[in-house]
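Here chain A shows up in two complexes: once beside chain B, once beside chain C.
Presenting the complex of A and B:
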């Protein structure tokens, strides 16, 4: 991939590196302020929504573009998934979640990805805030059961969302 | 690098056998069906080997043993061909899932049986597994819409679980079923992409637990997942 002396592939990799590093650091920072697994996951979900609302282009580059960008993009997607998985594994291990299965991390990532990909690919990022409680319900159900997860549906959104119009 | 053309392998059914050259007197409907099916089979095998982004009309027709002119008799674009392959694969998998679902009497066991049958089917047909799970996100809006349609069709069977929730329990979010089905596909897709498609059946207990937990509660979902 080159034109006019530029290596477009290397530029894309550099852009992805920057975005991934920024995104993962944002998740680490918000999760550091939380104690329980559900609280960390919820903080990560809301921070991901915040990124998507602030910079939809960047969010699409992280979530929507890689699968359709050929082998390079698919490799980047696997890398980001592996880094997210390592972060989640650490959170789960720290909590000693009694209902956790070895596939819980994969389930969490698959659930997140499905919701975010669907919204971002369709240009519907403004609908993401409404998805977070439902997303959290599915995730918490998987390891703690539906009754514990039901509480997620009643939690208020974060303060930064106030004043934004959303569906 | 390419798989053998359909019909050149003893593993392919007779209906995909390459047609004889020249005048053969075969009915036109048979010829059309044969050629179209060969293209779909070739495309499916090609996507499994090189991925959708690298799949070309030329490679598809070479694998099918037909000309590009023949390709354009049935499909306008490579995405059209994917749509046909996807529809055929969904139809076949759908039959397997419904038969398994209906083989059991109670809803939790119906769901378990369907997931088990689906995983076994994908293990037995790796190209189809890739076509259905991993590539829809790669292949463009028409395929993505078909994928969403499949979730819509399967959701009611999962939705029946809501009847098992006790009175007084909070209503489940409207998107619960599509979320569960999407996450199942995401997990399977991840395994297929990682080259672990042959071990999908090992996912059964966890997938059943995750799928049933919103409806039955954690403990009961675990029991059903474990086979009791």
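Presenting the complex of A and C:
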């Protein structure tokens, strides 16, 4: 983590702080424009995809680098996870989802992380748009059932993706 | 739980007794195998304790209580050693899971439960190995990422081949997403060391894995 007399660890922490704050603020902004839980989650998913496509280096720093960076990175990962969990808990509480498992927040984070980590670690971020509908299908199924979740598979991607080439 | 590798890896490296140099009639390949297993057990313990990035070959050698020269007779580098550990562990885990699924009686949810139970038992049998592979694996980068893709594909195939015929048409590759989710749930549990016994996660992992298959499949697990 150190090199040339610089405290690379401190530099990395500062960069992570900046990225995390920016990312979480973007998620809050896009979700604020939505009403239901599925709409908020979908908006968050597409905003995460936008980050991955437009700033892959930053996306990798948030998602792929923490596990690589040893104990410091794992600590950052815990921090980001805790902040995301607090945000999701608030969205779920606002929805009053009947019968939602108390584990739902953890499931959402693990599932999202799994999809984004695999894509970014493999340099396959261009494939992320195709993942969002099935990701949303799984998440919505978890609290609303497969029938309600099926609608996620037919929703069009956001307007900003149009005209952008992707698999 | 099978013996062999799992049994060996469940003991601290120092408990894997040294083969007395010379004066024995063991075949060279047996000695080499024994040394290799000793090094891998030492690597798992050292990496679990210190993290992959922080650990050195010297740490592994010390943990394995083996001469440095013996390490380099078996592996070219720390990464080489870790990849061997990763390959052995994932192969063994996959064998446990697929064996348990095949042996289980009953409908899909029961077979899925049996497979997950076998996986959690495998992880609990050797906490150092579990932490080294699951938590520290991503720290290695591309060589492990490629292996992880292969593991996800194998586990997703198990999930796919066993699923009920009467389930509604599911999105393509939903099983890969489920497997990925299970991995990261285990990752966070091992990272936080909560619960201490991973087997306690069985009910929630079964519930999670059955999400795409609807409430009827979930209800069948009782």
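Everything that follows uses one rule, which is that the second predicted complex is superposed on the first by the 164 of 167 C-alpha atoms of A that agree within 3 Å, B and C clash if a C-alpha of one lies under 4 Å from a C-alpha of the other, contacts with A are read in each partner's own complex, and residues count from 1 in each chain.
Quick note on the criterion: contacts are C-beta pairs under 8 Å (C-beta built on N, C-alpha and C of every residue); 3 or more make two chains touch, one makes a residue touch a chain.
Note that the structure is a prediction, hence the values are computed from the model and not measured.
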Put the two structures on top of each other at chain A: do chain B and chain C fit, or clash?
clash
Per the contact definition in the header, classify A:132: touching chain B only (first), chain C only (second), both, or neither.
neither
Per the contact definition in the header, classify A:61: touching chain B only (first), chain C only (second), both, or neither.
neither
Who does A:31 touch here: chain B (first), chain C (second), both, or neither?
neither
Considering only the touch criterion stated at the top, classify A:12 as touching first (chain B), second (chain C), both, or neither.
neither
Touching A:71, do we find chain B (first), chain C (second), both, or neither?
both
Name the contact category of A:144: first (chain B only), second (chain C only), both, or neither.
first
I'd like to know which partner A:121 touches here: chain B for first, chain C for second, both or neither.
both
Chain A residues where the chain B and chain C footprints coincide 67-68, 70-71, 74, 78, 81, 101, 103, 106-107, 109-111, 113-115, 117-118, 121, 131, 133-135, 137-138, 141-142, 145-146, 150, 153
So, in the complex, the side of chain C touching chain A is made of residues 51-54, 135, 138-139, 141-142, 145, 148-149, 152, 168, 171-174, 177-185, 187-188, 191-192, 204, 207-208, 211-215
Touch list for chain B against partner chain A, complex
51, 53-54, 137-138, 140-141, 144, 148, 165, 169-170, 172-173, 175-176, 179-180, 182-187, 189-190, 193-194, 203, 205-207, 209-210, 213-219, 221-222
Chain B partner, complex, touching residues on chain A are 67-68, 70-71, 74, 78, 81, 99, 101-104, 106-107, 109-111, 113-115, 117-118, 121, 131, 133-135, 137-138, 141-150, 153
Residue numbers of chain A touching chain C in their complex, please.
64, 67-71, 74, 77-78, 81, 101, 103, 106-107, 109-111, 113-115, 117-118, 121-122, 131, 133-135, 137-138, 141-142, 145-146, 150, 153
